[in-house]
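Below you'll find the structure, written out as structure tokens, and then a few comments.
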Amino acid sequence: MRNQKHSHGSALENTDRLEAFSDGVMAVIITLMAFSVKAPAAPTWSALHHTGPSLLVYVLSFSMVGIYWNNHHHLLRTTERISAPVMWCNLILLFWLSLLPFATSWIGRFPNHVASVVTYGLVSLGAGISFSFLVHAIVRANGVDSDVGRAVQGDLKGFTSIGLYAVGSLLGFVSALGAFICFGLVAVMWVIPDRRFVRRHAH
Amino acid sequence: MRNQKHSHGSALENTDRLEAFSDGVMAVIITLMAFSVKAPAAPTWSALHHTGPSLLVYVLSFSMVGIYWNNHHHLLRTTERISAPVMWCNLILLFWLSLLPFATSWIGRFPNHVASVVTYGLVSLGAGISFSFLVHAIVRANGVDSDVGRAVQGDLKGFTSIGLYAVGSLLGFVSALGAFICFGLVAVMWVIPDRRFVRRHAH
Amino acid sequence: MRNQKHSHGSALENTDRLEAFSDGVMAVIITLMAFSVKAPAAPTWSALHHTGPSLLVYVLSFSMVGIYWNNHHHLLRTTERISAPVMWCNLILLFWLSLLPFATSWIGRFPNHVASVVTYGLVSLGAGISFSFLVHAIVRANGVDSDVGRAVQGDLKGFTSIGLYAVGSLLGFVSALGAFICFGLVAVMWVIPDRRFVRRHAH
Amino acid sequence: MRNQKHSHGSALENTDRLEAFSDGVMAVIITLMAFSVKAPAAPTWSALHHTGPSLLVYVLSFSMVGIYWNNHHHLLRTTERISAPVMWCNLILLFWLSLLPFATSWIGRFPNHVASVVTYGLVSLGAGISFSFLVHAIVRANGVDSDVGRAVQGDLKGFTSIGLYAVGSLLGFVSALGAFICFGLVAVMWVIPDRRFVRRHAH
């Protein structure tokens, strides 16, 4: 660790602490979201049933954070150097993710209303765009010919996610169900692991 | 750390970040559960006495998370490589554990009701089954002849836990006390450390 | 990291994850305690003044956790191997510390009542005794002639802390002020860093 | 890691755990602040609009913690040895930062009142002064001719921040807007990364 500090030319290469901090924030987000699913006020199945929408939205939000954690993990494993813009893009991603408990709590209580559904979509959209910026900042810091640069060529899944979140946010104005389908599609799409990074490493 | 990233053939070997993230989630779960034991509204012993069931259930849930942390620690110490399914099984385990504060808060307030007791049992059961899947995903990624593969042969304790949680959940429909005894038995059984991993390493 | 896993004979030597998990729990405890100091309901200085006791108790509890973190850090830096009892003693210490937000919140609201003051003392006492057990479990795992074994010889400060918490808890029955003085003395005593570990390492 | 423990002469050199603990506290602070932005009680845009001040203050506080994390990261990367005073200065910085959710929650609800605005300013001032003390403790432990000693020479930005927080706190007595402008200026000033550390490392 000591040697590592001095053996590299640039100050911002080491990804360890960036990963640790991001892990910490995402771990707290997940747990706080679950915590904001309030225990029913009565000990009955029908009271639990009323908590249903909150629990379902929690499953969706948990998937979203889980996917970001997973992709963040793969992305930074391939990354060799980070720069100041990478630091800030990562913080901005964490900012949007940190709004997720707020949005999740609101949509959980009001799953059929325009304002809560659209807000949830916009927070998801903010996180999606931030992740895309993070990827580009990392590529700029490492070069397009670096491992990570070649791995993320043509970030189709990223752009599709952003598109689905945008469409879902707009759909939220007319149909909550349509919006949820869009948000859910993103989760389903990403549960399949990002083969780009796996392939690059496996050769 | 840099060298490590490049010296291995497969992308998903390193268990560091998986452990760090799981530690983070479990640390927050433990603390949030304690936090959801609300300070009594009056400064009297009888008010504290009313908090008794919540505190007792907290002790049970703390033991459960402590045991998972302990076993997770032993399991991943023996693990040499992780795969995409390992990542997802781990996230699913964290999902079920993250519902524990919710279930603990509910059963703490209503320790003698079917709905809260059965829900607590089902969340515990979900975590138990997920841990079992995690073990199997790790064995599949490392091979049955690997250190971890031989260490977990015949996962009797794991299956007994799942069985006790299932029986406890069913018992919850007729007797809260019976359910608690089942849940408590799992904790007692696991407080004895898993000799399998210790033995394998010690040779 | 890989090599490390295999180069040691015993399964339980590495202290990294134990430290990481403990850090996580203590970090969350500190922040949750601060969070449980509720923002005043009115934007006035007198409303803030009402929050005074909560803030003062938070300062005391923050010091306590800060001191445990500090001592835990020094203790585990000197530790070479951990055993199953060390794992459990550490979990029991974290259990008592995790009750601190509960006790802090209660005593903050009722700083002049027997039940809340004594409860706060008992939780502190539980943490103090657990830390003492942790120290002994570590010495047993490393031997009295190990670095850590010689470093903790005659744990006077530890026993004094336990004594002060016990006396403070008893004093709580007759004088809240007396109890607070005892609890505060422990903090003052420990803010002076533990020279034992510093000296041992510095030679 | 084992070797590292024994190969250095002084007990307090390793910055790993100090960074990990600080990361944990800052990660929880960020997420708890977001969490204290309560979801609106009604599913309408006007209800969300009422949450506006809370969200804006959250953006400001998030920036503040993000900046501290960033600077803390740069500072400790350059640091070779830590001492007991460094440990305590770091804890005091975390103490002030841990009060930020409290201050943020209060000012978010009452953005136009003297008490809440001034309190927010004083907490920020406390954190700013603590960070300055931390820098000086680190320089004292490493020597003015060390990497970190030369990097922080003439800590103009640090002193400007403290000045702006002090002025903002005073301005809070006459103009909430003036205070916010001061607090915001600090954030803007720091978003530009600290070239001192980057330059020193890059040569």
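Should a chain be cited, it is by its letter among A, B, C and D, assigned in written order, with residues numbered from 1 in that chain.
Assume a residue touches a chain if its C-beta (ideal position, glycine included) is under 8 Å from a C-beta of that chain, and two chains touch if they have at least 3 such contacts.
As the structure is a computational prediction, the values presented were derived from the model and not from experiment.
Novice: Shared numbers divided by all numbers used: is that above or below half for subunit C and subunit D, i.e. same or different?
Specialist: different
Novice: Cα superposition of subunit A onto subunit D: how big is the rotation, rounded to the nearest 5°?
Specialist: Fitting subunit A to subunit D on C-alpha atoms yields 90 degrees.
Novice: Counting only C-alpha atoms to place each centre, which chain is farthest from subunit A?
Specialist: Farthest by centroid: C.
Novice: I'd like the Å distance between the centres of subunit B and subunit C, where a centre is the mean of that chain's Cα atoms.
Specialist: Comparing mean C-alpha positions, subunit C is 25 Å from subunit B.
Novice: Based only on mean CA positions, could you tell me how far subunit A sits from subunit C in angstrom?
Specialist: Chain centres of subunit A and subunit C, defined by C-alpha means, are spaced 35 Å apart.
Novice: Got the subunit C residues that touch at least 2 other chains?
Specialist: If we look for residues of subunit C contacting two or more partner chains, we find 14, 20, 24, 27-28, 32.
Novice: Taking the complex as given, what residues does subunit D use to touch subunit A?
Specialist: 4, 13-14, 16, 19-20, 23-24, 26-28, 30-35, 37, 39-40, 42-45, 47-48, 59, 62, 66, 69-70, 73-74, 77-78, 80, 191, 193, 197-198, 200-202
Novice: Per the contact definition, I'd like the list of subunit B residues that touch subunit A in the complex.
Specialist: It is residues 1-2, 5, 9-12, 14, 17, 20-21, 24-25, 27-29, 32, 36, 84, 87-88, 91, 94-95, 98-99, 101-103, 105-106, 109-110, 113-116, 119 of subunit B that touch subunit A.
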